[in-house]
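The same chain A turns up in both complexes below, where it pairs with chain B and then with chain C.
Right, the complex of A and B next:
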């Protein structure tokens, strides 16, 4: 179970990649390609069979100007273990954080994984996440992308055990010229498993978002239940979103579907609220907050979801006050 | 109270062209009066209500609307709400994720703020919302949900009246608030409206059915067709209309549809 590491000498070229929105070589630029590589820092979160941790494990990765960071996180939950991992990404200056994450969930293991990416605005953040789920395992993964000038978040999940349930949720709040890719490959290998992908993005200025998610149902994965939803609200004319949902199904008797929407805020609810006296800015804030809160509410810990809602509210207020 | 003078308004259609819907509409409602507007489908009744409440996508090409000396058409929707204009929508919109209580509090305080008043404290707000919702038979379950989400047709209409009762506007437009209501709900809604009749507050009640007017007695009844009023009378006009249908009224007018 080796970590899939993106070495800077082995960066994919646009030709090798199926999806060509982010040219990593180009995005990193001359300066960042010369950043000093740092020996990989590693953190292991390991819970023994049946172990139920009452406190969340906190993981903080800091970024430093001029450094190529290579953090490695491994979360290993043995059978029936339960844990919550909260990961913060932050930093100052210009750096490249090239993260590798591996998650292994044993039979009946339950993981809540909250990832808050709030890098420096000059940072490049790439993150390859590999998830392996065994029988009846549960994963509730929430990801917030807020910082960084370029982000790539690749999540490759393999559901190897029947009865497993995988939830991948995320909120992307992007402005300026930020660019964020989310790429998900959800592989249902075993039968009777459930997957949910729920991503919402708010894009302002000339920010660019990409969501490409694939649900791949293998031949043996009968009675798979997979759903994928990606909604985006564009706050400006210059913002762009590309979504590419994909279903690849080789098994019979499966329930799989997807939905995507991208557009400006609906006029009708906005008018309804204004006709009751709310200012336009207040009405917009309320509606957009409700839109992202629906995803944040998937986190089953109110303290955590409350903190993330506060971050989102602060971001939204800043953006809407400029209008 | 409100004076609408020779109002012309168009909708902006997607391809950039304009279509005139309101074609020389005149109306004056005095304080405390209830006026009813009846008229065939497509006459422009809902369009009139949107133009009065300031919805985007409509262009007033001529005419004026005066509310107690204020030029209503110069104001944005929230300012009109603060002046005291309230529209009970024909089709109230669902707002997922925005809780009823959060919404009602925001609306009350937004109007108070525009009036230069202090925000209502939590206890005052609770009393206000609880009291009014009980009167209108709105359950705690409805209050715990998102605005209009999962509400039945009748519940949505009752929710409109609840907002009206809480915000206490001075000019209320009710756009087909009776449609979709069963007889009991209609009585509850009519009682809610009648309770708000205080000799000062004025109402414009848009309806297709005489039945509502049995409960909310209008002072004046207008028939609207093709963007303007073609006949005005007392409450008896609604009865006459119910009996004869629109044909007679439309046929007799010049420039009728």
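Right, the complex of A and C next:
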């Protein structure tokens, strides 16, 4: 299987996916010598058929100044296994973390996967996630992007079994001159599957956000139910957002839709809150918090969602206090 | 009920699919086959153009030679052999450019009558009785055959004439505006048009004038192996208003034919231009996809002045391949752009169409409503961009694009780009793709409506939001087309 192919290499081959960073020699040439490549670190989360783990598996990836990290995470859930994986990215200084993630869900397997990316502000973070879902598998994926100077998060999901349900949710909080790109390809190959994408971004200063999500419904994937929603709030004049939600559909009996909005906060709710005695700053904070929390609430685990909300609140307070 | 019966009756009436597929047997004068600088000189001489126009053409041609074909769209076709076509073809009888409609070859008039477009003014007036007539510029292959109500319009200061005439008579306007919205270097198809364009319409509405009648141009390709390269330029001065419509058809032939047009619209302060298209080029053979027109069109409007408005409405039913993105550059503060589109593909057709809304001025607004219907083995793509530049404070956009799939072998794709660089701008986009729901069909059928009737009813309802933006006369026409285009896809 694909996992075995990946075992041999530290990273997926270009043939496997639209991953542009695999052939580093070719991509970077001389520049590659500037960062010190580190031997690939690998972590495997493997649950046997029917295994239900009560405790979440914690994975922490650190970044060190001047290093080119090549972490690899594999999550393999056999039939009907259930697990929660929480991944943290942190570090100090300037480094490049080129991550490869492989998720394979067997029939009826259920995975909650929470990824908190809080790299050093000088780091480059690229992450390619490949997800393979079989019959009746469930995935609830949440991703928070906070740190890093340049981030690219590619998620490629292939739904190979009918009845599978895939949820990809994310919050991007960006400031300064951060650039964050989320690219999703959701491939419905089997019939009767459901996919949801729900991404919200807050952009401040001169941050640049990109969201490209594509739902590709193959001819055989009848009764597909796909939905994408990407909302962005721009807090300052220099911030930029590019959104491209795509539908590519080859089956007629489907229900697919998408929606995107980009803009500032609505005046009316602001006015309402202020008429109740809240200061402008309080009102704005409250509204933006509510906007972000809606995505965070998609996480099944309350402890986790609580912690993430705290992180988001801290970020928002710092940003809004400057204004 | 009445509406459904009407639709069904229309389909029955017009069954036999493509109604405009006949050939007019007429002697033509053609430029030699192929494309080179001599051909361009030939076209320019035929049109008795001033030297500066020829220079412009040659400049475009030389640039074109080094250009790449746009490949980003989701359409597939074999490489076009640009040397294997005629770039100029005109009925011989048009050689002396008859001034009077009575001198025009009756065969030509007959052609247009057959298509439902009388060109004699008395007949038009007789036909419409109490309503305002529509002024028509009829373009046949590479020449304009007749332009109706020219004198009547002149009384209001409105200029409505073939573009070749405008180049001779109004050089200052042409020099100022032609190429100002779509430069010759824009894309390969537009560049080719800039080099070899033949006819099309020129419209000038002076300050404060509301054009007293609808203007329209009817394009007909007749000759085999010819390309049609029309050029339309519409200028609305301060406070002016005009509603313009174009229609197009071609005979059924087994060879592919190229149609590469440019339409430029300029709206000054407080002016409004409403541009409607009912595109019904020959779509090619239903089963094999042989023949048909390549419709590669660059349409762009510039809202130059404050509070100006440009609105594009299109009903795209024909053509083997449609590649077309009518756009608005919203430069003036408070200007508005609108795009309403119904694109129907059936058989082996491919369509990649949408719009571009570029917000530059403050308080600019745009609205996009796109309905795509794909049936048979066709591919239908909506591709559009909404771009808000940093200075476009309070810009607003609202986009809806819905797709309907009929049958198991077609594809429907939605590719919207939304780019915002201004934090006070509000952009909203939503899209859906679905088939005609079982529930809707079931509801209609349990009320005694047959499946075919029910489908027609639902599709017309699906497209209504767009069709209602067409001028009255054409809305009826368009509804008919919607029904005919879907023929053979139901059941």
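The rule is simple: the second predicted complex is superposed on the first by the 290 of 323 C-alpha atoms of A that agree within 3 Å, B and C clash if a C-alpha of one lies under 4 Å from a C-alpha of the other, contacts with A are read in each partner's own complex, and residues count from 1 in each chain.
In this section, contacts are C-beta pairs under 8 Å (C-beta built on N, C-alpha and C of every residue); 3 or more make two chains touch, one makes a residue touch a chain.
Remember, predicted model here, so these are calculated numbers, not experimental data.
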Partner chain in contact with A:291 - chain B first, chain C second, else both or neither: first
Contacts of A:242 with chain B and chain C, given as first, second, both or neither: second
Partner touching more residues of chain A, whether chain B or chain C: C
First, second, both or neither for A:267, with chain B first and chain C second: first
First, second, both or neither for A:92, with chain B first and chain C second: neither
Partner chain in contact with A:121 - chain B first, chain C second, else both or neither: neither
Partner chain in contact with A:43 - chain B first, chain C second, else both or neither: neither
Contact residues common to both interfaces of chain A (with chain B and with chain C): none
Residues of chain A defined as touching chain C within the complex: 219, 232, 234-237, 239-264
Residue numbers on chain B that touch chain A, as the complex places them: 53-57, 76-78, 80-82, 86-87, 89, 92-98, 102-103, 106-107, 110-111, 114, 146, 163, 167
Chain A contact footprint on chain C (complex, rising order): 390, 403, 405-435
Residues of chain A that touch chain B when the two form their complex: 267-269, 271-280, 282, 286-287, 289-291, 293-294
